[in-house]
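Shared chain: chain A. Partners: chain B in the first complex, chain C in the second.
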Partner chain A sequence: MTNGTEGIRGAAAFVGAATDGIGEAPGFSGQELAIRASLKAMQDAGIRASDIDGVFGALSAESMCGVAVSEYLGIQPKYSNNNKIGGSTFLSLTHTAAMAIKNGLIETALIYYGSNQRSAFGRLAVSATHQSDYEGLYQPRFPMTSYALAASRHMHEYGTTREQLAEVAVAARQWAQLNPDAFMRDPLTIEDVMASRVISDPFSVRDCCLVTDGAGALIMTSAERAKDFRQKPVYLLGAAGEHWHKQISAMPDLTVTAASKSGPRAFEMAGLKPSDVDVIELYDAFTINTILFLEDLGFCPKGEGGRFVSDGHIAPSGGLPVNTNGGGLSCVHPGMYGIFTLIEGVQQLQGECAGRQIEDAKVALCHGSGGVLSSQVTNILGTEEVL
Partner chain B sequence: MANYLPEGLPSPAPMNDNLDVPYWEGTLAHKLVIQKCTSCNKHQWGPEWICNNCNSFDLEWAEVAQKGRIYSYERVWHPVHPALKDQGAYVVVLVELPGADNVRMVGNLLADPEADVPIGAEVEAVFEDHPGDELSYTLVQWKLV
Partner chain C sequence: MTNALPGTSPEKLVFPDQSPDTTYQDFLRNNQFCIQHCNECQNFLFYPRLCCPHCSSVDLEWREASGKGTVYAVSIVRQRPEKGGDHNVVLVDLDEGPRLMSRVDGIPNEDVKIGMKVKASISVNTDEDGDTRMVVFREA
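Right, the complex of A and B next:
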């Protein structure tokens, strides 16, 4: 039996993408920032609200955001979806949107996100109430505890080092220095990361994602219609997701995520392999994430991730461009970063990334993670040349 | 014996449906009691109305060996709760129970909080009593064997 979804390969394309309020955006709610990003994405695509008939998105603070955002923008969608599987939600929504487009249910989709967590709370907008008494009474530091547990286990099993974790943060910062929109652009060395305030061993503050405001939006339409848009279409070639647990104590193996399943299925649908990918955008909530996902998605063998990122291999001067906007570690992290992996992937393939542009990029892999390494969703994007 | 973490932290809130009462009663008696499915015989943690393995509703409570091994750990230096402001480092461990289908439990490791934490090492449960006027409860902690 096939996996049943190869029919959406190249059926839909991104024709608009935009961000708003990256960093600090005081005075706006998360929904208002999402609206602003949506308007900019519509402008980027050259369409109006009345051209959109599918609305997909998520806001941390608004459980019925689908109807709220649609009313605000004056959209009367035939299909709405605001699923909640955490920060990978948006990569799952593009998967659903492409299926709806392929089936003729809708023609053009808006995908949105916005959060003002930095201005409103000054901390991550994920609630500690995610924890049960059976975990919370021992005062683990949520949410980094789950990732710290994964990092400790990876170090134990594979000899991954503190310096190798720091390499991930340094590479992200070097990319951020090429991105004028990135929130943290000061120089950062491995020594700086290791000397910064320890939050939870093995992580210092520089191993942990930023707490920022920010919003993003994408416009997706059918491959047929995409040719008429002013933006170079970026096709969704592969999409797949999987999740195995909610609580970290239920994760089968702390060194293997469900990306080891979503990645191969997304590649299978796309008819591509890791060596075909020109630019990689991963949800780097913590430095261990990048290492785990590079392994699980097939860019290096399991256990080799730490050595793989060493010597600046994923930095601008290295061999493999990863998190070219600066990632959640140095560019933006409003709570559910996933949508920004897509926006950077789309803009890289459109050739719009100026100083950080990967020359002649044709294939991008975008990967989102939700919960505590729980829900994993992979999207593979490509230009017309690889369609 | 002093408690591992200071006074002023939250107490357990029993589940509305009393599902987890056998666990808390077990800990008060210094027993480790978790759920076991009578259909597929798998242990699971934490308490649920349904077996996550076979979806049976027929779960019983079973006393299990108070021995485990450290699967992973985190050393917290920068906690959130105000009661931990002057605490300094403390260790949270994820402990695997080989005698109960390797279910994993979160706890603290009762040792020098700045000492190396040996992943894979054997640990045994220590029952940390919290007597109170309105609510008495006992936390399951761990120490190296």
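Right, the complex of A and C next:
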């Protein structure tokens, strides 16, 4: 490695992935849901806890989750990490895990997440963050109003319409209808989205992510070892992140996220470009996210996102498969959705997605966002053919 | 080693004797909306800080803001009347440069538009915990 752009390309691969408790899982704690997902991912990979020597993840309700989850499963990791960049955490942890694997620090990593926010609280768990008084005094609905402000600016600068935002929610719902695990699968039209209760203009309730329970886990190992696993390895080809602010009032330009930096660097590491991507999984906490990230990651020019998603272009019948599980808008959103972008990306490249499977998918882009459009982390995954 | 870090050499690393949040509130209680100016890079900053986010300098000086600004983004938070009813939330770009969250008073929420010129005033909210002072805006 000489200039750093090669990074961790192809050094590590996902060999197991699973979700658990998507929707409602009453009677279990967030940690227990994470344990269940971890056991399913371990079974998927065909390994036991004793095969894992690196532990990476987050729980909404336990800041010392690294030691808690390891103790529970009986893992004695040589290295563990829990960072604090919101819903983008997991896509950063895969980067860290791949570096640890490439450096020989560990051989096999568990990446986990679990939350029971719906059963426990019935509202969005804003994972241990708080607003400063400089914003809180004005009583925004947190975090919805922060994203609504970004949407207002995008509409002002680029003529993005209320209908175009609704297109994002409708596309997500149509994908969810192809996913038996998705939480909301009722038919949804643009008119339905626009007629639903307004929360914080321009957003109605259908522009906002779900409040569900749910957990997910992934197993990552070195590229050499990955060939011995029963699952088709999915390689991490590119990873990059960046963040510019915590609170929305400190975001330099509300129409441009740090994905405009993380995306190009992840593509450079992967040696790929947007047109090489077969399936796109974006953290869609709100409808504006999908539009902003499609622009910032290079799938359409800045300002064109609204028109780009129109006429069902990112829906199952459209030209570009985006959020094929139904996303945070219609599949699952337990508070930190990022890990689900990775699980769907891995399973698409393994050909395991049944009715929503993208035929012959070889490259997936997974993108996590944390805070209020704050932290942006991009992962690019590929099958052996693109290694 | 000299001048390794221009503007942040140790002899200049002098901190104020109280939190800048407290100083900001002290000014508000005196009916002044003050923001910090960086004497090193000449930028203004908000929220109050111990250092300049543009150049890392701690050589900051409080100056009374012009109060003039422009609405950068707007949302109306919808709430049932018993919960206080609808209210607007805006981001305002001050003429000095910094952006802050606030609200625009004196006109219907629907009339608050991006690009609107606004002027700051200090609003006082009195309840059992005492006075809370906050910067709000009106159409200029």
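By our rule, the second predicted complex is superposed on the first by the 379 of 387 C-alpha atoms of A that agree within 3 Å, B and C clash if a C-alpha of one lies under 4 Å from a C-alpha of the other, contacts with A are read in each partner's own complex, and residues count from 1 in each chain.
Keep this in mind: a contact is a pair of C-beta atoms (placed from the backbone, for glycine too) under 8 Å apart; a residue touches a chain by one contact, two chains touch by 3 or more.
Model, not experiment: these values are computed from the prediction.
Three-chain overlay on chain A, with chain B and chain C in a clash.
When the two complexes are overlaid on their common chain A, residue A:I248 makes contact with chain B and with chain C alike.
In the overlay built on the shared chain, the residue A:Y134 is in contact with chain B and with chain C.
Touching of chain A by both chain B and chain C, each in its own complex, is seen for residues 132-135, 137-141, 145, 148-150, 152-153, 156, 197-201, 247-250, 254.
Residue ranges on chain C touching chain A, taken from their complex, read 21, 46-47, 72-78, 84, 87, 89, 91, 99-103, 114-115, 132, 134.
For chain A in complex with chain C, the residues that touch the partner chain are 132-135, 137-141, 145, 148-150, 152-153, 156, 197-203, 247-250, 254. Those residues of chain A lying in contact with chain B across their complex are 128, 132-142, 144-145, 148-150, 152-153, 156, 197-201, 205, 247-250, 254.
The touching residues of chain B, counted against chain A in their complex, run 5, 9-10, 12-13, 45-46, 52, 71-81, 84, 89-90, 92, 94, 103-108, 117, 119-120, 139.
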